[in-house]
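These are the structures, in structure tokens.
Across the two complexes that follow, subunit A remains constant while its partner is subunit B and subsequently subunit C.
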Partner chain A sequence: MRGSTLLSECLAVLGKEFTAELRSRVALNAIGLFAVTTLVVVAYQIGPYKIAEQDRPHVLAALLWIILFFAATSGLSRVFVKEEDSHTAKTLRLAARPAAVFAGKYLFNLILLVALDAVIVPLYCALMGYAVSGVAGLVLVLASGAVALAATTTIVAAIIARASGSSTLFAILTMPLVLPLLVILIQGTRAAAGSGEIGVVLPALRGIVSLAGVTLITSVYLFPVVWHE
Partner chain B sequence: MNRPMLKTLLPWLLCLWMLAVIAGAFFYAPSAAGFKGESARIVFFHVPQAWVAVLAFCVNLVASIRFLRGRDPLDDARAAAAARLGLVFSVLATVTGSLFARVMWGSFWNWDPREVSIAILLLIYAAYFALREAVPDEERRASLAAAYAVLAFVTMPFLVFVVPRIYWSLHPDTIIGATGQLKFQMESRMRQVFLASLVGFTGLFVWLYTLDVRLARVRMARSRGGEE
Partner chain C sequence: MIIFETVSGIRVEFRDVSKRFGARTVLSRVSGELSAGRVLVVAGPNGSGKSTLLNILAGLVRPSRGEVAYRNGEGPIARSRWFEHLGVAAPDMAVYEELSALENLTFFARLRRVDASRERLSALLERVGLPGREHGRTVGTYSSGMKQRVKLAQAVLHEPPVLLLDEPSSNLDAAGHETVAGLVAASRGRAAVAVATNDPREMAWADARIDLAL
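Here is the complex of A and B:
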């Protein structure tokens, strides 16, 4: 890739991720099946009528993010773990700059999360009878949440791939880092569901965007250390 | 006074200081109004423990950054020592906070935002050690743990300052108020004991931290000697 720009290297890594994923579909299957199974169990056991009216805003927002988060943790670590498993990490280190590798893998995880949101959230609303007053606000919360969640999961995936590659370790390391984010996301989702005004989600959006920003910047600085270790 | 003598004297001075703090907390400082019974006296121990837990987190960050820059194994030992003590003081702050919650609000755990914050801090420390345990190679372990420590520190401001302000809290107002202003309204004798306790707990942390780092230094020297 001599003479290539950072952007072209990043897009090449992203393209490679898509090709590899479409060939094996490991992450897609893990995330998709986990999300659908959890959603079906929750909808079957709780459904739209088993939650008291006054508890619905709190419980439904929390359940939605529990499903999305745990589905995400089931597959997002694959981006780096598979490089170590298939012994391709060394080649990738020679082929692209660390920033391009991180950006390409981050974009891949982000696209996976957006696809997960696009499939699961409408299904969840339909199965759980979740009436959302502010659709635009919810879309903003989901989009910014995906940006922030992808940042944390990508750098933690890089760390665990260099450690033991275990998905248990991925969950252990990710959980404390994303808990503040999940709290703000649940708060934002509840606000969006309760009101059509875009202003109600702004406090949560500020928190999510700033958390996403600092995590992304820190990750870009830390990634070369983790990647070349 | 020469240095070795000072090193011997300081722990004894610290011991006397802490005994004075304990005596002051129970016999010198008056009871605070607005709290059940004598429960407010826990502030002389709970707040300094929480302060040391956060201080240890900051020391862990500085040592981790120093390791990433200089690759000195001693910096990794410093980071691990700070995290170990941070974990211990987080547990102590959680336990004393729970005892206070039981007396004041009738339950050991109320899912108050500040309780959640300290629980997440505990989880971060636990995850840090889980990561260290998972990597057998020393240099790789040090690098990955340092990277995780820096990443975890980034979420700290959100944990300590943002999340408790989103939700209504049972917790008595902190020294730094919600709008960032410095609040320090304590009766004079209470303030004296409180500040003495902060100094004492910080000294205790420094002493334990120094011991841990010295032990790590001896281990490193021994393993280098073994290799030669």
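Here is the complex of A and C:
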């Protein structure tokens, strides 16, 4: 045990998460169902032509992040809730360092979010006729957004799992934490869509990275208390 | 004062341990002593606090009063590192039902950085009474007795110097009880073992005993 590295423990947790999720598909189904349903409803009811030209940059960027955010929240809280529900949390507490557990589950949520982005964003652009001038800028905003959103959802999931896993509580706690982040993400997405210059997304990127950093650092200190007390 | 002394030099001491949940007192000033390599049996009726005491010893629950200390020689071990020296099996602890028995043990062996070779882990599963043909099946398809055997294997796979077993023979048949007795006998020489039980057969393992009352 003494020779165990944090990285190897983190990768063990990550591997376990993937194996268990690929067999149960609870989070994948929840996220996928929500994302696809919302996307289809939005595309069917609003579509590419029912928004006034001057409103399109604002509305399309906001709609994209509403779909991504709520799809993410529908499944990402599972990483800790399922441990408590299935009584494996205690076993895991006695086998791994808190930092490794948080890191492994954070990486799992991050990978799920990146996969969600990779599937939903191109579909959304196609169905909504969303022309993005700065693809590189959008990719940067999406990637940094996934890093920040995964950090927030993972630590909030850990908190609510200790409170009997209330999904209502998850939404209530997550909303104020991610609201500033969502505003910046929407601004960054709008900027990337409107210009091919990377420079236009830099102010948003600074904000997103700052929020991600604060959330991750806070989580590293907060998680052991949440996990063990 | 209860002291577990192990060949690795780790001692677990607890003194005047009390625990309240709201207005209800579950444990009241529990103390005692156990010398190295011996088995402590914690007995008492349902609700007397046996599992709570083991949870306190494992660092999963903080006592309302009293203290628990892990010591390596004269130096105390930080509470955050107690888990490194512990093996625990309890009714409210599960292994992953989506994984097979072998995958579960591989996962916990990687976390504990011990030999995770298929041969070693298969041998351990055989030792707790799970035949080889069952090792690849997901635990969710197991009977409760088979799950209990995987939990026991998980508890001992890193040969911990402190072994805490809460009702270790629950869900097990007579052969399973013999398996647990074998594990306790094998651990006795190198580990401090505490067993919470109401089973007279398990009480017979005791070198020291605490009887808790309601």
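Here, the second predicted complex is superposed on the first by the 227 of 229 C-alpha atoms of A that agree within 3 Å, B and C clash if a C-alpha of one lies under 4 Å from a C-alpha of the other, contacts with A are read in each partner's own complex, and residues count from 1 in each chain.
Here is the rule we go by: a residue touches a chain if its C-beta (ideal position, glycine included) is under 8 Å from a C-beta of that chain, and two chains touch if they have at least 3 such contacts.
Please read these numbers as outputs of a predicted model, since none were measured by experiment.
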Under the superposition described at the top, does placing subunit B and subunit C together on subunit A give a clash or a fit?
fit
So, does A:91 touch the first partner subunit B, the second partner subunit C, both, or neither?
second
Using the touch definition from the top, say if A:20 reaches subunit B (first), subunit C (second), both or neither.
second
Touched partner set for A:29, first subunit B, second subunit C, both or neither
neither
Just subunit B (first), just subunit C (second), both, or neither: which does A:37 touch?
neither
In degrees, to the nearest 10, note the angle that opens at the C-alpha centre of subunit A toward the centres of subunit B and subunit C.
90
Which of subunit B and subunit C A:100 touches, first, second, both or neither
second
Touch check for A:9: first (subunit B), second (subunit C), both, or neither?
second
Closest approach of subunit C to subunit B (Cα atoms, Å):
6
For subunit A, what residues appear in both contact lists, the one with subunit B and the one with subunit C?
229
In their shared complex, at which residues does subunit A touch subunit C?
1-5, 8-9, 12-13, 15-16, 19-20, 23-24, 86-88, 90-91, 93-96, 100, 224, 228-229
For a test of understanding, state which residues of subunit B touch subunit A in their complex under the given definition.
68, 116, 120, 123-124, 126-127, 130-131, 134-135, 139-140, 143-144, 146-148, 150-152, 154-155, 158-159, 162-163, 166
Given the complex, residues on subunit C that touch subunit A span 58-60, 62, 80, 83-84, 86, 88, 90, 92-99, 103, 107-108, 110-114, 138, 151, 154, 158
Under the definition above, what is the set of subunit A residues touching subunit B in their complex?
152, 155-156, 159-160, 162-164, 166, 169, 172-173, 175-177, 179-181, 183-184, 187, 203, 207, 210-211, 214-215, 218-219, 222, 225-226, 229
